[in-house]
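Consider the two complexes below, in which chain A is the common component and chain B and chain C are the respective partners.
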Partner chain A sequence: MDFLHVLFVLLESTIRVSVPLVFAALAGLFTERAGVFDIGLEGKMLGAAFAAGAAAAVTQSVWVGLVAAVLVSVALSLVHGYASITQRGNQIVSGVAINFIVAGSTVILGEAWFRQGGRTPALAEGARFQTINFPGADAVREIPVLGPVYADLLSGHFLLTYLAFAMVPFSWWILYRTRFGLRLRAVGENPGAVDTAGISVIWLRYRAVICCGILCGFAGAYLSLAMTAGFVKGMTAGKGYIALAALIFAKWRPLNIMFACLLFGFLDALAIRLQGTPLPLIGQVPVQLMQALPYILTVVLLAGFIGKAIPPKAGGVPYVKER
Partner chain B sequence: MSTPYAKLPGWVEYGLIPLINLAVAFLVAGLVVLLVGENPLEAAYHLINGAFGRGEYIGFTLYYATTFIFTGLAVAVAFHSGLFNIGGEGQAYVGGIGVALACLWLDQMMPWYVVFPLAIVGSVFFGALWAFLPGWLQARRGSHIVITTIMFNFIASSLMVYLLTRVLKPLGSMAPQTRTFAEGGQLPKLDWLLSIFGLNIGTAPFNISFLLALAAAFAVWVLIWRTRLGYEMRTMGHSPSAARYAGISESRITVVAMMMSGGLAGMMALNPIMGEQFRMQLDFVQGAGFVGIAVALMGRSHPGGIIPAAILFGVLYQGGAEIAFEMPSISRDMIVIIQGLVILFAGALENMFRPAITRVFAARGQRAAALVQTKGA
Partner chain C sequence: MDNIAIELRGIDKSFGLVHANRNINLKVGKGTIHGIIGENGAGKSTLMSILYGFYQADRGEILVDGKAVSIRDPNAAISVGIGMVHQHFMLVENFTVLENVMLGAEDSQILNKGIAKARQELKRLEKEYALEVNPDAVIEELPVGLQQRVEILKALYRRADILILDEPTGVLTPPEADHLFRILDQLKAQGKTIILITHKLREIMAVTDEVSVMRRGEMVATRTTRETSVEELAELMVGRRVLLRVEKGESKPGDVKLAVKGLTVRDSRGVTMVDDVSLEVRAGEIVGIAGVAGNGQSELLEAIAGIRKAAFGAVLLNGEPVDVRGHADPAELRERGLAHVPEDRHHVGLVLKFEECENAILGYHHDPRFAKGMFLDVDAIRKDAEEKIAKYDIRPPNARLRTANFSGGNQQKVVLAREMEQDPDVLIIGQPTRGVDVGAIEFIHKRIIEMRDQGKAVLLVSVELDEIRSLSDRILVMFSGRVVGERSPEATEGELGLLMAGVEGRKEAAE
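And now, the complex of A and B:
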């Protein structure tokens, strides 16, 4: 029973930490399937988290915060799009630049506007997301196994959490069952063919980049409006890169992304949980190893030792119309 | 290289365009300062004064520049081979192990000029090792170098936390760092170099690794433009298929270029560890690996451009501290913004102003040609 209890606590925190990863990895899915590499997920998420925290603190409205997050994130995406689609610049360089610009400006602006050492003011109840409790959750909690599954795993999360997991099948549907999705995937594999079919490669890629911005906006809003009550400087703490790792680990497929994010989230939750406690059989595992595990796994996968991760063919290559 | 742009005179290509891009980056940074409610000109004054106002300040500026020359060269060497090594941060961090081991082993027995060469070898070895794996994985297993080097940065960070909290830390100490090195692990300062110009170095940790950085810059120039290996690297960077047809082994160049890049990044560790702190601390790299990207982009991957670019970033780091002191609402994070803006405008948007400039020069060229014709008639 004690083991079960620990397991449920672990699974619950897994879900909590996976949400921003799911949003960000799906965001990356949209641009990368369209052939635009994006290592600026981290920066967009951070910018969105700051915008959400700042706007919600000023207006006391969680919805204004959410809209601000999405707007800022989309604006940053458009900068990336302008640099890598219109100007045909190096996509990696542009992503790196965005990460730095955001990392610096969130601190500078936060300090200038709120003077709390790079934080935004702590949000009151109305200005942040509240957990949603399903009917009867408390009543059934005592039922063994099924009770906690319903009460702790299914119920008691934020609206954005449910949205994140709903986005997984929705993204799949968009990418694999709509005309837009088909074209988006095609433009990531063979933009020349899409252009020949009379469809604008540029506009299609811009739309993919905007989708990425919206999803990164949700990821950031979750961090500062749901997970914590306010923005703290550098609060993404590498989550954007973990999401990128999850995206690759999932071989650029929506459903796999969810599982990869849950796996990486689980490792994260486990690392916190295991701090200092020895495991049976293995003995004490250094926390640092647990923290590095998502990255190590991604490297091993990329090296083709667990299956093969094949990126979209036209990824990272700006499209130049034949003259 | 698919975008057809007219050829421009050398001074425009390597002087004017980078300067315009840089100016735009600083203009935008100035806007951020305005947004914060401060005067950009005042900030600029404190920046320049903080970087050059005194001998000590200049010493600090050049100390930072030393670090950035190493990381800038590291990124540049990989760039020439068409590889984007974003892992300079991790390679420099791991390179620190080599420096620390050499110092911990010999600092009490040997003078610095014996320890220093060993520390150089150690830093290059560990830095190159940390770059070898991504290089090898790209060459043999086809994994994307950008992603693997990012992952290796994080793995390096975890590894170093582990080593510094469990292995390299002296017994009974709580701080995650090695013991302080004895005299043999401390590099001499270059106070004599500054005193030639009548400057007093004060407490600035400007040390002999600056000369090593200059030597490394020269060596990189020789390597890239005067050796067969450098030629092969540039060929691969310009056109991998041409390199393949010419019989250049792609995987060999990838691995060798990455190891050289990692070795250069690793050498960066000498400067803070043996030159300033005299011990290896947690996070001693402090983002210098990423600054290297900005430096290499600004310096157009040429040592002759990287040195001034590194000095510019040294100015930003040292002068930025002064701004933060004089104008409390502008913290050192301003540097991070400027760094990002430089990467954006000198890197990703490097061609933004090119069409306009090309048009100006094309028009001038035509007018000059017309002038010659009328004179001849």
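And now, the complex of A and C:
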């Protein structure tokens, strides 16, 4: 029973830490499937988290915070879009630039506005997301196995958590069952085919980038309005990069993305759990090793040990008509 | 011609300083196949891109069915019934045939309804035009000929009445090309108008009704195909008389310079590409290897040139063994008298971003003529390049120009000049005239014959059967990695074609 208890605690925190990864990786899915590589997920998420924290602190409204997060993230996406789609700049450079600008400016603005060392003020209950408890969750908790599954794993999460996991099948549906999705996937493989079919490559890619901005906005808002009560500088702590790793690990497929994010989230939860506790036989595992595991797994994947990750063919290449 | 499908009036287009199209007038009759022929860079593709809405003409009018239309983008072209089959297919390789055909013409936001409709429509088109293809096949798993068929289906699906085909046979094997021509005839019979862009004279003669010739951005002539000849068209294209048939004397074979014995080459997946090939090339003879692209000729050349490892077998250069199974060093082979003109000049033969003079010595840069100790002798290099430019008539005559800015034919001359001027004993050449204009082809062929007459051993690989037949003293045919037969250059095209298709060869091998 003790083992089960530990497992449930681990799984619950796995879900909690996976949410921003799922949002951000799906965000990356939309742009990268459209042929725009986006290393700026981290920056967009951080900018959104700051905007959410600041707006919610000022207005005391969680919804204003959410909207602010999405707006800032979409604005940053459009910057990336302008640089890499319209101006045909290098997509990696543009993404890295966004990461740096956001990392610095959130601290500067936070200090200028709130004078709390780059934090935003702690949010009161009404200004952040509350967990949603399913009816009868407490009543069934004592039922072995199924009780905790319902009460702790299914019930008791934030609205954004449910949204994140709902976005997985929804993204799949958009990509594989709608006209927009068909064109989006096509433009990431061969923009020439899209252009000659009479569809604007540029507008299509901009729409993909906007989708990415919206999802990154959710990821950021989750960090500062749900997971914690307010913005802390650098609070994304590399989640954008882990999301990118998850995207590659999942071979750019929506359902795989969910599992990859849950796996990486589980490793994260496990790392926290194992901190300072020696394991039988192995002894104490350094936290750093656990934190590096997502990246190590991705490298192993890229080296071809667990299948092949083939990126969208036109990824990273700005579209120029012949000549 | 009272029924005109398309008329162009005074089309003019410049890209910066390049005047790509000058005052072009063209009439294409309804239900005909109209060829447009011209050398690379004559402006054919620009003209067709204007017709398809990729570029806007600076001046001029386009009339479709007698009505002036403005074609601002491909959408506008599609809506007036113009469809295009691009030289490099505009297909999404990991999509199915159905998805590719639908793309851009999906009907509704949700795909399901459209898919059912597209499937039905595709079936109808397949029946009507005899264009069978499995709608659920993934493009990258289809052979090139079928991929092209999907491109045609795409245009028909969009109800195109006028089909533009841009160099459609460049990627096809001879039987696939023949099949395409049958399809075009079929389409014509159904009332479609077809514009065929090519630089291959034979194709024009084989399928077109009318032919227009472009030269340096101008439309220089329009002829009825039945009333013209290959010679006349070649002259119109180049602007001077061209010898299409190479003149050469008897070969006087000497000692064996290059001997290949039981060479077997496998690719990275372990598939046997060259299977137990033996051949000899003597001084003063040209041995041609014919075959449909992808039957091991490329790998054979690469193995002999030392840029691909062989699994078994031996190669003797001037009677001395070459370590083809280990580290045959291309630089060492050069010193031992082997010159190599690779098939793929863009990836293997040249560094396109380098200046012409740098490419003209690439691989020979250690030669004391071009280097002083560890430094390059820039003056000597430029002087050498200028001599080669003069001798090979490389245009523009500018040794400092980036190689990427030369036309395909002139780039090929840069490679040929570099390799031929080293006075090698053995010259191996892959696709000497791929993407090269008629005028330059004549020159290159002459130079190859000259090399032979100087007593060099020449091994030639080409997918152009005409080229093999007119240059070679002996022809070897490769099929599926094996040499399936040897013929004299007098062998008929049909005889060689059967060998290339692997039909005759199997019988021969069995006997």
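The working rule: the second predicted complex is superposed on the first by the 321 of 323 C-alpha atoms of A that agree within 3 Å, B and C clash if a C-alpha of one lies under 4 Å from a C-alpha of the other, contacts with A are read in each partner's own complex, and residues count from 1 in each chain.
Note that in this section a residue touches a chain if its C-beta (ideal position, glycine included) is under 8 Å from a C-beta of that chain, and two chains touch if they have at least 3 such contacts.
None of these values were measured; they are calculated from a predicted model.
Asks: Now for A:Ala103: first (chain B), second (chain C), both, or neither, which partner does it touch?
Replies: first
Asks: Name the contact category of A:Leu182: first (chain B only), second (chain C only), both, or neither.
Replies: It touches chain C, and chain B stays clear.
Asks: Under the stated touch criterion, which partner chain does A:Gly198 make contact with: chain B (first), chain C (second), both, or neither?
Replies: Touch partner of A:Gly198: chain C, not chain B.
Asks: Quick one: classify A:Asn190 as touching chain B (first), chain C (second), both or neither.
Replies: Only chain C is touched by A:Asn190; chain B is not.
Asks: With the two complexes superposed on chain A, say which partner A:Glu111 touches: chain B (first), chain C (second), both, or neither.
Replies: first
Asks: See if chain A has more residues touched by chain B or by chain C, and give me that chain.
Replies: B
Asks: Would you sort A:Tyr295 into first (chain B), second (chain C), both or neither based on which partner it touches?
Replies: Touch status of A:Tyr295: first partner only.
Asks: Quick check on the superposed pair: does A:Ser94 touch chain B, chain C, both, or neither? Answer first, second, both or neither.
Replies: first
Asks: Determine, under the contact definition given at the top, whether A:Lys313 touches first (chain B), second (chain C), both, or neither.
Replies: A:Lys313 contacts chain C only, not chain B.
Asks: Does any part of chain A touch chain B in one structure and chain C in the other, and if so which residues?
Replies: Comparing the two interfaces on chain A, one with chain B and one with chain C, the shared residues are 323.
Asks: Which bits of chain B are touching chain A when the two form their complex?
Replies: Within the complex, chain B touches chain A at residues 2-4, 32, 35-37, 84, 86, 137, 141-144, 146-148, 150-152, 154-155, 158-159, 161-162, 166, 290, 293, 297, 329-331, 333-341, 343-344, 347-352.
Asks: So in the complex, the part of chain A that touches chain C is made up of which residues?
Replies: Where chain A meets chain C, its residues are 177-183, 185-186, 189-190, 192-199, 313, 321-323.
Asks: Please name which positions on chain C make contact with chain A in the complex.
Replies: The contact residues of chain C facing chain A are 15, 49, 52, 54, 73-75, 77-78, 84, 86, 88, 90-95, 99-100, 102-106, 108-112, 114, 154.
Asks: What does chain A use to touch chain B in their complex?
Replies: 37, 39, 79, 82-84, 87-94, 96-105, 107-109, 111-112, 238, 241, 244-245, 248, 286, 288-289, 291-292, 295-296, 298-299, 302-304, 309, 311, 318, 320, 323
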